[in-house]
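Order of writing sets the labels: A, B, C and D. Residues in every chain begin at 1.
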Amino acid sequence: MDVIVVMKAAASDDDVARVADRITELGLVPHPSKGEFRTIVGAIGEKTPQTREQLEQLPGVDEVMVISQPYKLASREFHEADTILDVKGIRIGGSHVNIIAGPCAIESREVLFGVGRAVKEAGASILRGGAYKPRSSPYSFQGRGREGLVLLKEAGEELNMPTITEVTDPRDVDTVCEFADILQIGSRNMQNFNLLLEVGKTDKPVFIKRGYAASTTELLMSAEYVLSQGNHRVILCERGIRTFGDDVRFTLDVSAIPVLQERTHLPVFFDPSHAAGKRDLVPPLALAGIAAGAHGAIVEVHSSPDRALCDGPQAVLPENFARLMKQMSAIAEIVGHRITPWGREEDRARRRVVGGWGG
Amino acid sequence: MDVIVVMKAAASDDDVARVADRITELGLVPHPSKGEFRTIVGAIGEKTPQTREQLEQLPGVDEVMVISQPYKLASREFHEADTILDVKGIRIGGSHVNIIAGPCAIESREVLFGVGRAVKEAGASILRGGAYKPRSSPYSFQGRGREGLVLLKEAGEELNMPTITEVTDPRDVDTVCEFADILQIGSRNMQNFNLLLEVGKTDKPVFIKRGYAASTTELLMSAEYVLSQGNHRVILCERGIRTFGDDVRFTLDVSAIPVLQERTHLPVFFDPSHAAGKRDLVPPLALAGIAAGAHGAIVEVHSSPDRALCDGPQAVLPENFARLMKQMSAIAEIVGHRITPWGREEDRARRRVVGGWGG
Amino acid sequence: MDVIVVMKAAASDDDVARVADRITELGLVPHPSKGEFRTIVGAIGEKTPQTREQLEQLPGVDEVMVISQPYKLASREFHEADTILDVKGIRIGGSHVNIIAGPCAIESREVLFGVGRAVKEAGASILRGGAYKPRSSPYSFQGRGREGLVLLKEAGEELNMPTITEVTDPRDVDTVCEFADILQIGSRNMQNFNLLLEVGKTDKPVFIKRGYAASTTELLMSAEYVLSQGNHRVILCERGIRTFGDDVRFTLDVSAIPVLQERTHLPVFFDPSHAAGKRDLVPPLALAGIAAGAHGAIVEVHSSPDRALCDGPQAVLPENFARLMKQMSAIAEIVGHRITPWGREEDRARRRVVGGWGG
Amino acid sequence: MDVIVVMKAAASDDDVARVADRITELGLVPHPSKGEFRTIVGAIGEKTPQTREQLEQLPGVDEVMVISQPYKLASREFHEADTILDVKGIRIGGSHVNIIAGPCAIESREVLFGVGRAVKEAGASILRGGAYKPRSSPYSFQGRGREGLVLLKEAGEELNMPTITEVTDPRDVDTVCEFADILQIGSRNMQNFNLLLEVGKTDKPVFIKRGYAASTTELLMSAEYVLSQGNHRVILCERGIRTFGDDVRFTLDVSAIPVLQERTHLPVFFDPSHAAGKRDLVPPLALAGIAAGAHGAIVEVHSSPDRALCDGPQAVLPENFARLMKQMSAIAEIVGHRITPWGREEDRARRRVVGGWGG
C-alpha cells in the first residue's frame, strides 16, 4: 500500500466503491477500511508518478498519502489512532490493559478450571492454555491437541472469559477457530508465512509473538501478512529476545513496547513468563512492561508448577498472581491506563495524551 | 533415545526384532538402524535403572549405551562415523565436498538452465532454485510455485544434477517430493515442527538451515524431529546468525562447522550467500567455510543479478563462481577433503584422521 | 575469598586479629569487614580441605562459610542484607530510590547550574555532569576536564547535592576525588582493571556502569576489583546492552536489575538515557526500571538539547523530567520503595519483604 | 580530516609547508603524510564551503578530497593502497601473511624460550607473550609485569624475532616500549581512549584487538585515535564477538576480515585462540581466517597447556602448531598471499588483484 486514499467525511459508499475500482484499474489492489468518521482506502502495488494525481480527482477524496514504511496497513501512517479491538465485550488496546493468564499447556480439566477461576478472580480478562505445544524435542509432551481445545472452550464458557490458544499448522486453523476466541502465533512461527496467511483469512483476532531474533519491523511485516488478508484484528507481543546474556531464558526488550506503539496502531502486549524463564523474575518484568505502557501481558500461572508438563519453572502461583495483578493495576493507572475488569466503560484519556514526552 | 542397543556383528534379523519387541514391552519406542557391519537399536523414552541390564541379556546384543545429549539419533554417540548420503550417485558427507549452486528463485527457464549449465560446468554437483519463497513482505514476489518445480525437475534431468528446493508448508511436501531430489527447510522454518515431521515421513534427503538465532543444539533437535520419523538422510546448514553487527546481513558462524561436526555424524554445509548479503563477500566466506572443514556450500549464482527477482545483490556471477570453485577445490584438498566432481570414487582418509588436533 | 569467617557478636578485636593472622599463615589473604553487629573476615586464595576446620577452632569464630561465586565480597553470600551507602546524608540502596540527573557534559556554568536547579527542584538527589568524555571519535568534543570539575563542585555546593562524574584514566583519579563525591566508571572502562584498582584505593563511592556486552557476572567481578582494595562503597548500573536490534542505541536489559539484586547486596541503578538514545523513549524506560525495583536511575537532562555538545538527542527537557519524577515516585511506592527527597527517615519495609515472589 | 589535500608528485617541501600553514589559518588541524610518490595533507575540523577551493589554488596542490567516513586517516579514501609495515625487517600487510605465536602469559624463561624456538622453527615470524594480563577476577594471576618484559626482550633477541606484548595502562607505555617491538591493545581496552592516545605518541606499531561487542567502525575509530597522534603503524585484529551462542568463548566474525580490508588500508589480523577458547577449534578457525584473506593470525601455543597459568585450554601444542602452519601456508598461497618466512622478497600480486570479485 504505497498509496492511501483518505475519503472526505461526507463521502458516500458509492464514492468509496469508485475509488476502489479506479485503484484496480491502475493495477493496484484496494484495501478499504471504514473508520468512525471517515473511510480510508489503501492501494498496494507499484504506483506511477501519476497515481496520486489520478486518485485525488475522484469525488469524495480528501487526500492521497504515500506510506514510506515497508508495513502499510500496520503503520500509524495508515491509521493514526490506537486500534481498539472488541473480543466478546472485552476491549483491547488504547488505554485498556488486559492481562491474559492461565497454565502453559492444557493438562487436565482440574488444573485448567482451577487456575482459570483463580486468575479470573484476580482480575485477568482472557484465559490462556496451549493445546498444540511446539517443543524443541520430538520426545517432549506435545500438547493434548483437539481434546485440549474442547476443555479450553468449556472453561472459557464457564468462566465467561475469552480464550486464546496457539495454532502451529495451517491445517489446524479451522479446528482452532471452532474452539478458541483468539489465535496465537508463537515466536517460532512468527515467519511461518503460510500460517499467517491462513489465520488472516479467519475472523478471529490474531496474537503474534515476536520471534526471539526478529526485529520490530519484521514483527510488523508479519502482522501485515495477516492484515493483508482482510483480518484487521491483530495484537503484537514482545516476549524476549536472544542476546549474549544467560541469566534469563530471553532478554525482555522492554523498549520494543514504546517503539512499536510509536509505529503501529495495533495493541502491544508482552510476555514476562517466557522472557524470565523463572517465576521469581516474572513480577519485576511484568511491572516493568506495564510501566513502559504495554496494552497487556500474558502470564503463565499454575497451581502446582512442579508437576506442570511444560515450563513449570516459570509459572507463577495463583496467590502471587493476585498480588501481582494489584501492583500491575496500580502502575497502569500511573501511566494513564486502566486494567480492564476494573475499568470504567468510557475510555480514559489515552496515555499518549497524558504522556506527550519529547520536545 | 536414552538407550542404544548395539547388536553383535553376527546378530540375526530375529535378534534385532526380539530386541525391538522387548524395548516396546519396557515402555520405550524402538528405532532400529542397520549399519554396514552392525545394527543398532535406539530406545527412546523413560528408562528405569534396570532397562540396561534387561536389554543386555538378550541374544545378539553386544553393548547397551546411554546417550546423554538431548539429540539422540543425530549424535555421534549414536553413530560414530560420518554419515555419507548417496543422492542419485552423488556422495555427500565424510571427505566429500559438494557445492550446491543456482539462482535464488526459479524465475524463468532461460535463467535457470543458463545458470545451471554454468555452475555444472564449473563443478557444482547439485542444482538449487526456489519455487516457494518465504518473504518478509506479503507484497514481495513469492516464487512461482508448482510451475517453478516443473522447470527445476526438467533442468535437473537435462543437466543430470540432483536438485534441491525449499518447502515451506506441510501441505506442499508431497508435491515438492514429486519434483525435487532434496527438500530444503529454510531458516525461518527450522522450528516449524509440523513441517519437520512431515518431511521426516518422506524418503527424500532433508537439508535444514539453521535459524538465525538458533543454537547448534536447537539445530540438532530439529534434525532429530526428521530422524525420529525414520528419515535418516539429513544435512545441516550454517547460514549466518543475527548479531549486533550490521556490516553483513548475517554473521557467518564459521565455528559452528567444526562444533557441529564434533557432535553429529550428519553432513554439515554452510551458506555464504545469505550470510554475506553482498556478492563481494561471498568468495572470502565461501573459502573460509571450506577451510574450516565443511562438507559443502550452497551458493547463489545469477547471470544478471541486477534483474533478479530475489536477493540479486548477493548472487555471484557465473564467471566468478568458476574461479571460486577452483579455489574452494584447492582448499578442500588441503584439509583432506575433495570436491565431488573431481573426486576419486574411493574415499580419501577423512579429515578427522588427517586432523586429530588437540592433545 | 573462597572462605568467609563469621565472628561471634561478642568477638573482640583481638579475636579478629588472630583470625586474620591465622588466615595469612594458611597462605590466604585476609579481608576483614566490620558490620553493625558482627565482623566478617574473608580469606581469598587456595584453601586446603583442612582450612575450614582450622579456622573454626579459633576463639570468637561463629561460622566458616565457603563462597561458591567467583565474586566474593560482592555476593549476597558474603553480605546478606542490602548495602545502604551514605553520601553526604543521602542514603543509597535498600528501599531508597535516588535519581541522578544533570547534563551529559559540563558545558558551561549557565547550563550546569540551570539544569542542576531544575532537577533538584523536581526531586533528583544527585547531580551528574561529565568533565572527561570518552568519545568514539578523536575529533569530537572530549569534555572540559579540570575546568569542568571546578564548576561541578561549585554547583554541588550551591545546590547542596552530592555530585557524580566520570573518571577515565588512573592518572586522573586523585584530581577527580578532589572535586566530586561519586566516581563514575563508564561502560567502556568497566574492564579497565587498573582504573578499577585505582578507584578502589580511594574513599569515594564508585558507580560502575555495565559494559554493553558484559555479563552480570563480569559486572560483579569489576565491582570485586574495587571491593578487593578495601573500598566497599560500590553502586552498579545497568545501561543497555548491544543486541541485534537497531531501534534504540542499546537494549535496556531490565531483567538485569532483579538478577543483580538477587546476587549482590550492592545498590543497582540503571541508565534509561544511554539505553534509549532518544528522549521520547527515556520516560517509558525510566518507569520500567523503577517498576522492576531498581535503587535508582541516572538521567540526562538539558535545557536546550539541540545545542548540547554531547548526546543532545537523548536529553530530556527539565519540564518533562519533573513530570517523569512524579510518575517514578508513584511507581517506587507501589514496589515498596521511596524516592529519596520525599522519603521518611526511617526505612520502609524493604521490597524483598513486600515482594517475596516465587514458591 | 574532512578534507584531504593531495600534493602533486613534483610538489616541494615548501609547498607542503605552505598548505599546512594555510590549513591552520583556516581553523583546521593539518596532518601531513609523506608517501613514496606523493605527499598528502589531511585537514581535520569544520570546513566551510570555501575550504576546498581555497586550498586547491595553492602551488603544488593536485587535488582536494572530502572524506565521508567518520574514520579519516584509517580509511581507504585517505590511503588507497594496502599499508605495509616493516618491523625489524618483517613486512606486515599487503600480500604478506605473518603468524604471531607464543604462550598466553610469560610464565618462565623455560616455557617462553622453548615455545619461542618451536614456533620460530614452524614458521611464526613474531613472538607473543603477556606480561600484564587483564583478568576478569582480581584474584587471578595478573602477569609477571616488568620481569616478564625483560624475558620477552631476551627471547626476541636470541630468536631474532620481533616481539609483541599487551599494554594496559597509560603509565606503563614507556616501560613496554623499552622492551617490546609491537604494542598490543587488548579487547577490553579497545575504547580506553587515553591509552590509545598514549601509544599514538610512540614510534612502535600498535596492534589493536576488536572489542568483543565493538562494530568494525568503532574499531577503525580506535585506530584513528592512534593515527591522529602521528603514529601511522597500526594493525587491526578481529578476535571474536559476543553472540547468543555458547559453543565457543566468542564467535569468530570471519566476515569482519574482508569488510575491514575493504574500508581500510591497515593490515587485518585475527585471533583464532581467544575466539575458540578450546584448542581443538583453533585449527579450523585459523584456516578459515587465512582463507578469508587475513594478513595474519595470532595463535597461543604452549608446551604443557595443562600447567599454563592462563588460558591453557585454548593453547595449541607445538607439534600441532607446526602442522597448522603448513596448512595455513598452503591456503595463503591459494588466495594470493604468502606466509612471511617462506616469502620472496618482492611483493606478489596482491589478493585484491587476484580476487576482483563482484561485478
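Operating definition for what follows: a contact is a pair of C-beta atoms (placed from the backbone, for glycine too) under 8 Å apart; a residue touches a chain by one contact, two chains touch by 3 or more.
The shown structure was predicted, so the numbers you read here are calculated from the model rather than taken from an experiment.
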item	value
Shared interface partners, meaning chains that touch subunit B and subunit C	A, D
C-D against A-C, pair bridged by the larger set of C-beta contacts	A-C
Centroid-based (C-alpha) most distant chain relative to subunit D	A
Distance from subunit D to subunit A - Cα centre to Cα centre, in angstrom	50
Whole-Å gap between the CA centroids of subunit A and subunit C	38
Touching two or more other chains - residues of subunit B	213, 242-244, 246
Interfacial residue positions of subunit C with respect to subunit D in the complex	1, 44-45, 70, 72, 134-139, 168-171, 188-189, 191-194, 197, 211-213, 218, 221-222, 224-225, 228, 242
Residues of subunit C touching subunit B in the complex	213, 242-244, 246
Of all residues in subunit D, those that touch subunit B in their complex	213, 215-216, 241, 243-248, 251-259, 262, 275-276, 279-285, 287-293, 316-317, 320, 324, 327, 330-331, 334-335, 355, 357-359
